[in-house]
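Both complexes shown next keep chain A, but they swap its partner, so chain B is in the first and chain C is in the second.
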Partner chain A sequence: MSVLNSLADLAISAMIVIGATFALIGSWGMVRLPTLMERLHGPTKATTLGLGGMLVGSILFFHLAEGTWALHELLISLFLFITAPISANMIAKVHLHQLRVKPENGVLDPVGPAGQPPVPSAGSNWATYEAPHAASAAATSE
Partner chain B sequence: MRRLIPHPGLSVLLVIVWLLMANAITAGGLLMGIVIGILLPLFTAPFWPGRPSVNYSAGLAFIALVLWDIIVANFEVAAIILFRRNRDLRPAWLTIPLELDTPEAITVLAGTISLTPGTVSADVSSCGNFLLVHALHAPDPASEIARIKSRYEARLKGVFK
Partner chain C sequence: MIEYAVGYAFVCLALALCCNVWRLLKGPTIGDRIVALDTMVINVIAVIVLIGIATARGTYYEAALILAMVGFISTVAYCKFLLRGDIVE
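Showing the complex of A and B:
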């Protein structure tokens, strides 16, 4: 029994340490990467494997140490998986606007190493820059 | 039946989420979950005009694939953050031509791209035919675009018929 207990402890702590390590690496990425768009990649890591590892550790702890099933954690990851891409998308859209601010009109984000975003095709631009075409998949109403 | 339960998948998901939130399966909790599962889709139906038909088994396979890719990509991006110097980094904007044509499918593709570390979807074109994606390290943008199209978009075409 004590062998099983220490094995359980080992698995739980391993998951928590893995999660914390990835959260730390994600934060370090936010500090050291050059401009906003690259820095955006740091937090997307921290929310996936970083938080995922800690949540699996939590499920294991409640199951192995307390003997109950706690599945709230699945909801936390579900909500994160829905909200994280949307907040990243909003930050990217603000950045796209900032790239078009004229220097004399105030502070602007520096253009990253990837340069200006390319124009998608003749006859249309990104939806941040112009209204979505009616009856296209980018339109918000039918 | 269609009028009472406009989105059966959403209703089932709401019941499951409610039971998970209560963290117990009781008759009262189940009843409350069913009430919410019926009422919420009714009130929010105007926000969901389309009714895409979803192949659920293909959807589950897709979710499993994405979860695996997230784990692999986490290690790749961790290696980039820890060991690659900024001047060796090759960030790039990717313009992905879309074959998916429903807003739901494009939203799932964009979310998948954002959740996979190393790529963030930034915008969709106003004609709805292109997705703007920022890649943290893409020395060969064309192959990265081909990878996203073959790995995710092709499978999503099977999920959203």
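Showing the complex of A and C:
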């Protein structure tokens, strides 16, 4: 029994340490990476994975401490894993449409090369591109 | 062993929050600040989960869940406001 408990301790500690390390790596990437499109990688992937690791450790811990399976953590991680790509997509959309920095002088360019978003079509309330703009480099990190 | 792991995780998350605040203050664009706030919300959820582990009480998860929802909705609302000049059209 004690061997089992120490193994469970080891597993919980490993999950917490891995999760915290990934969360730190994600935030450090946000400081370190040069442009917004690259900075989006840190929080959306590394930090979400880190929080997922910590939540797995928490599930194991409460199973060990109280003998019950609590599913709150699964709810949190499911919600986060669904919403993280959506918020990253929205931030990238804002960046492409409006909030670019001109690389030569660092001056804020109020309208990016992607231009203003088009007027939504009838019957919808959300505008997005239907055809890629020829002059915009959507995948570049400038 | 769990106490040491939780202590290490608290230190890591404190450093991560400092990184986020640095990016939040530095910018340079509003998009960077939104990313910083979004990451701060995720890190604070991690801190709440860790407090739940450290105190061995399960009452903190509702707070974490509500914070996850509020953080996501505020990020999307701010982005939509910047894009369209309005939130509910």
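By definition in this document, the second predicted complex is superposed on the first by the 96 of 142 C-alpha atoms of A that agree within 3 Å, B and C clash if a C-alpha of one lies under 4 Å from a C-alpha of the other, contacts with A are read in each partner's own complex, and residues count from 1 in each chain.
The rule is simple: contacts are C-beta pairs under 8 Å (C-beta built on N, C-alpha and C of every residue); 3 or more make two chains touch, one makes a residue touch a chain.
Note that the structure is a prediction, hence the values are computed from the model and not measured.
> Return first, second, both or neither, reflecting whether A:Leu75 touches chain B, chain C, both chains, or no partner chain.
Both: A:Leu75 reaches chain B and chain C.
> Does the superposition put A:Phe61 against chain B (first), chain C (second), both, or neither?
second
> Please indicate which partner A:Leu49 is in contact with in the superposed arrangement: first for chain B, second for chain C, both, or neither.
Touch partner of A:Leu49: chain B, not chain C.
> Per the contact definition in the header, classify A:Lys93: touching chain B only (first), chain C only (second), both, or neither.
In the superposed model, A:Lys93 contacts both chain B and chain C.
> Classify the contacts of A:Trp28 with the two partner chains as first (chain B alone), second (chain C alone), both, or neither.
After superposing on A, A:Trp28 lies in contact with both chain B and chain C.
> Have a look at where A:Pro85 lands relative to chain B and chain C in the superposition and call it first, second, both or neither.
In the superposition, A:Pro85 contacts chain B only.
> Applying the document's definition of touch, where does A:Leu40 land relative to chain B and chain C: first, second, both, or neither?
both
> Name the contact category of A:Ile16: first (chain B only), second (chain C only), both, or neither.
The answer is second: A:Ile16 touches chain C but not chain B.
> Which positions of chain A sit in both the chain B and the chain C interface?
In the superposed arrangement, which is not itself an observed complex, chain A uses residues 26, 28, 40, 42, 48, 70, 72, 75, 84, 86, 93, 95, 117, 120, 125, 127 for both chain B and chain C.
> What residues of chain A sit close enough to touch chain B in their complex?
Listed in rising order, the residues of chain A that touch chain B are 22, 25-26, 28-29, 32-34, 37-38, 40-42, 44-45, 48-49, 52, 69-72, 74-75, 78, 81-82, 84-86, 88-89, 92-93, 95-96, 112-115, 117-118, 120-121, 123-133, 136-139, 141-142.
> Mind listing the chain C positions that touch chain A in their complex?
Where chain C meets chain A, its residues are 1-2, 4-6, 8-9, 12-13, 15-17, 19-20, 22-23, 28-32, 34-36, 38-39, 42-43, 45-46, 49-50, 52-53, 56, 58, 61-62, 64-65, 68-69, 72, 75-76, 79-80, 82-84, 89.
> Which of the residues in chain B end up touching chain A in this complex?
Result: residues 17, 20-21, 23, 49-50, 70-71, 74, 77-78, 81-82, 86, 89-93, 95, 98, 100-103, 106, 110-111, 114-115, 117-118, 120-130, 132, 134, 136 of chain B touch chain A.
> Contact residues on chain A for chain C in the complex?
Within the complex, chain A touches chain C at residues 6, 9-10, 12-14, 16-17, 19-21, 23-24, 26-28, 30-31, 36, 39-40, 42-43, 47-48, 50-51, 54-55, 57-58, 61-62, 65-66, 70, 72-73, 75-76, 79-80, 83-84, 86-87, 90-91, 93-95, 97-101, 106, 108, 117, 120, 125, 127.
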